[in-house]
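Right after this note come the structures.
Next, two complexes with chain A in common: one pairs it with chain B, the other with chain C.
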Partner chain A sequence: MTAPAEAPAAGRGIVFDNVSKFYGEVLGVNRVHLAIPPGITSLVGPNGSGKTTIMNLMTGLLRPSQGRVTVLGMSPDQPDPLFRHVGYCTQYDSFPRGMTGQEFLHAYLRVHGFDRRQSDDLTRTALEQVGMTRAADRRIAAYSKGMRQRIKLAQAVCHGPSVLVLDEPLNGLDPMAREEMIALFRGLAAQGKHVIISSHILHEVDFISDQVILLNEGYVVAEGNIRSVRGEMQKHPLQILVRCDRPAALASRVFEQDGVVEARIDAQLGGLLIKTRDADAFFLAFNRIVLDNDFKIEVVTPADEDVDAVYQYLIGGGSETA
Partner chain B sequence: MAVYERTYRGYSGGLTPPRSRILVFPRYAYDEIFRSKLFLAFLVLCLVWSFGLACALYLPHNLGFIKAFQLDPQQVSDFFADLFDANFFYGWFMWPVGFMALVITIIVGPVLVTSDMRNNGLALYFSRPVTRTDYVLGKSLVLVSLLSVVTWIPGLVLFLFQCYLEGPEWMRVNYRVAVGIFVGSWIWIAVLCLISLALSAYVKWRPVARMSLLVVFFVAGGLAAVINVMFRTSWGSVINITDMIHVIWAGLFGVEPLNDTPQWVAWLSPAIFCAVCLVLLARKLRPYEVVR
Partner chain C sequence: MTRGIQWAHIRGVLRLELRKSLLGRRAVPIYAIGLLPVIPVVLFVLISSALGVPTEFQDAGGAFLFFVALYEFILRFVVYFGCVWVFMNLFRGEVIDRSLHYYFLTPIRREALVVGKYVAGWLCSTIVFGGSTLLCFLIVYGYLGGGAGGSPPTVLLLQFVGVVALACLGYGAVFLVVGLYLRSLVLPALIIFLWELANPFLPSALKKLSVIFYLQGLRPLPPLGGPVQIIAEPVSVWIAIPGFVLFTAATLVAAALRIRSMEIAYGAD
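The block that comes next holds the complex of A and B.
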């Protein structure tokens, strides 16, 4: 038996320092600077934007053409120490022929260097985590798409990594399974682990992510907490939806305020949609207007402070990137 | 933004030695290979050949058998002591088992890598503490073990059996037989492994990968013969890998070679083949294929 690799120091994170990757003349990603902290980080972007390239770079499956990547202070080109602490779930459904789910996990834990008994224990734990205990002895070939997705997740988490890199992990899962997986990701993130997810489903990204990285054509177009990203976008006024008893009267009052560029009654949203360039000043003024005029307010909520809106502003397209 | 405190503890126990982990690869490959009863039958046939040779070595030493044919035991002993020499092992053991090893490679070789390549399965392997060298070694172990079972292992058993029957003097005179069987088999195994893995990495469809192996080993032989005839030379044989291996074997056994190709050329030819295969594997065995 050999000693395991030194445990990574907390707080080093995943760092991309001026990283570019070219496939011949085709741009993968260009001049990427990132520092990914613990928690759930989502990579969002259209097909070919560089999400999988970023994931492959941080797992050492691709080498950068330029720049440097470090994961918890380790270089990704050393698979032995790296994959002690990193679990990767690729987007491909690829499994050795004839194996059961249990055999699959057990075999790859042996490749990680765990002995038979440890592999048995870790296999059982991982199967429980993804809710596959009952199907563990069935051949993977007979699994449904959702079950294959779960077993792929299990192989990524089974060795207890500090960094989880999950390429479209929620694809093929039914709503209940999605909920379970999201709870699993949150649980792992709550332990201080890095959970990196790429997803096409923007409302889910918004729901689960601590921070997002928006990619387009190989460039990082935005990075960070979605609200702070939205706050930085001066070009697009913040939209606020207000539902109240006298929307027309409220519209006339708020339109007098500095920074408010539009106030209109939106039938589709069922309320007053206000656009402002200075959200902080608006909310201060809004409180005063409501109190002075005795409006009865039902809802005040940002209408475009989510990933979907930011995505549309920065990249364009519909609510799904597929 | 949420702030997470690190509350988990990573695994801190012992791990198995890195090199032993590659043994996981062959374990599951055997399952798939031995699912074919035809292959199993062929493997047994390969062993039957060696068993037959063992019987041939033994029977001249069996008095009952000699008497059954009303022969003089001394004459029989002298005759077979001369017969069972390096030429016998070269011609009756190395040639047939070398061909059997080639057939096994054609059957098993493409099974090992093509499915991983076709299904984007390499990312699955390389997102573990596994290097490309480990992957090639792990996959090669399948072929190496199967080919060893039909080549040098029964070969050395036959050699030791003959030494036991004939005595230490025969062993002293024919020690090159053991060297030839062991070194010659390993050279052939290395060449077969590397060529089959390299071709399988490029040709993702198993039947085509098998055809490609046939082309390398048989069509190249035919082409070599055509070159030799057209240019009245024997240098065409350098592209016939099987001929070169036979020349190397002949050198190791100390017997007359097939043709007059110098030994250094015979050694250089498979060395170049192997080097090219390693370059091809290094280029192709990547977790993500770069499409230009």
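The block that comes next holds the complex of A and C.
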């Protein structure tokens, strides 16, 4: 009989120390150094960039060719302590044959070492968390893609892990289910848990992540808070969108400021798009211009502080990530 | 981690694997193989009922003679190919179904996973093939009656079923390892089958590297006549049992070593 595990020292986080993984001669990831704190962390990158490899290394499904991975101070090659604290929703869309959703969760909770009653309770709770209670007694083979995705999520969260690793967890979910799952992830992150997500939907990543890890061809190209990552990219001017009553007049005023390299009315964005190399100086000057000229401002918002723009700047690959 | 928790993990694996092996789609070939020896026995009874029992089976030892011949088939073919299916599927089948990672994502030590799966495979094969042996025995003795080669029928039955259980133990360990190390199932199974058949002709040292070598020393009576029996060396029970245990343990250690370093890379399969 096993009780749901208490989280070990959360401060130790998830650490990759100079980790490389090669599949024969093919590079998986190379010289990865990471220290992932609690909260929602997103892995972003195109196909083959190493997102799943990093997740599999974290969970011991793969072994590093070089370097060391620790999760809450534990090595992933010790499943007995590790998986009391870690849940992993993999990308594999497969299940043991012939099982219902409820049987699937219950059977693997028994393998976790929970007794029958605990397994019953944990199964029920997990099914409620992912909104699968009504479909629990149907065979998984008859589930839609979204339902399979949800039952995989239930399997990852059912034992109350403090580290949740989710490979493309929102795939196949309808908008309402996405909202529910995002709320679930946020709730877990708010409890101080680690939630590691990979997703190809960039605006969603931007929307839900506390920090991002941008990957390309097996290398970590940037990591941290999206805004801080963006701020370090001096080569690309910061883009600011302003909606106001007299955009043309505002454009001529701001263009006189040092650091402003472009000010144009963008019909697609529906406002004045300003590009500046010195954001702090610009905002000081901008406030003065608005007050002095009595502009009526509707919106002032960064136009490229999202992960999509950051990703494009970093690797120039457009937004076609997966 | 305490032994109690490890045992709870193993019980969880056992429960799940028995369900898959005995009740799932994977069970159909197992039952089909298990029925193979029952079919000729039933046919024999039906035909004999219509045409009369052949003279060679009419005396006191008739049932025994019939069953010893049938038992050779059970041991060499039914148990062998049944174990191929049951044990190679324990890991290999899960890799093909892409469901092995679910076990790897639970807090069970991988060595304990091997033990849980192995015991489940052994129970499943012993239940089906031991049950098949039992059924054949009951039909044959129920129909032909008569002596039992000097032993009471119940003792003889226990011996026959016991050797089937041991055969499942030995072949199970071999095929568990084969399923872990190799991708193709058919060729290794055929090679090992030929190796087992050729056992009486092998040099003494190589003979010990087969399951049938140890089983021959444990079965109630050696197989019926023929050149194989002439060449085969008798193995004492005192060599057979420890040898069998050592052989099985060694193969399980090899399985544990493999599983410890195993990675999930279904794409490569």
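Quick notes on this structure:
Note that the second predicted complex is superposed on the first by the 310 of 322 C-alpha atoms of A that agree within 3 Å, B and C clash if a C-alpha of one lies under 4 Å from a C-alpha of the other, contacts with A are read in each partner's own complex, and residues count from 1 in each chain.
As a convention for this text, contacts are C-beta pairs under 8 Å (C-beta built on N, C-alpha and C of every residue); 3 or more make two chains touch, one makes a residue touch a chain.
If you're wondering where the values come from, they're calculated on a predicted model, not measured in any experiment.
Taken together in the superposed arrangement on chain A, chain B and chain C clash. Contact comparison for chain A: of chain B and chain C, B touches the greater number of residues. Contact with neither chain B nor chain C is seen for A:I289 once the two complexes are overlaid on the shared chain.
Contact with neither chain B nor chain C is seen for A:V300 once the two complexes are overlaid on the shared chain. When the two complexes are overlaid on their common chain A, residue A:F83 makes contact with chain B and with chain C alike. Once the two complexes are laid over each other on the shared chain, residue contacts for A:T59 go to chain B and to chain C alike. Applying the stated contact rule after C-alpha superposition, one finds that A:V15 touches neither chain B nor chain C.
Touch criterion met: A:P96 reaches chain B and chain C at once. Shared contact residues on chain A (touching chain B in one structure, chain C in the other): 1-2, 23, 56, 59-62, 79-84, 86-88, 90, 92, 94-98, 107-108, 110-115, 155.
On the chain B side of its complex with chain A, the touching residues are 1-2, 4-8, 10-18, 21, 24, 27-28, 31-32, 35, 115-116, 119-121, 123-131, 287-288, 290-292. Considering their complex, residues 1-2, 23, 56, 59-63, 79-84, 86-88, 90, 92, 94-98, 107-108, 110-115, 155 of chain A touch chain C.
Chain A meets chain B in the complex at residues 1-4, 7-8, 10, 23-26, 38-39, 56, 59-62, 79-88, 90, 92-99, 103, 107-108, 110-115, 118, 155, 159-160, 162, 189-193, 210-211, 224-225, 228.
The touching residues of chain C, when paired with chain A in their complex, are 1, 4-6, 8-9, 11-13, 15-16, 19-20, 23-26, 94, 97-99, 101-110, 261, 263-266, 268.
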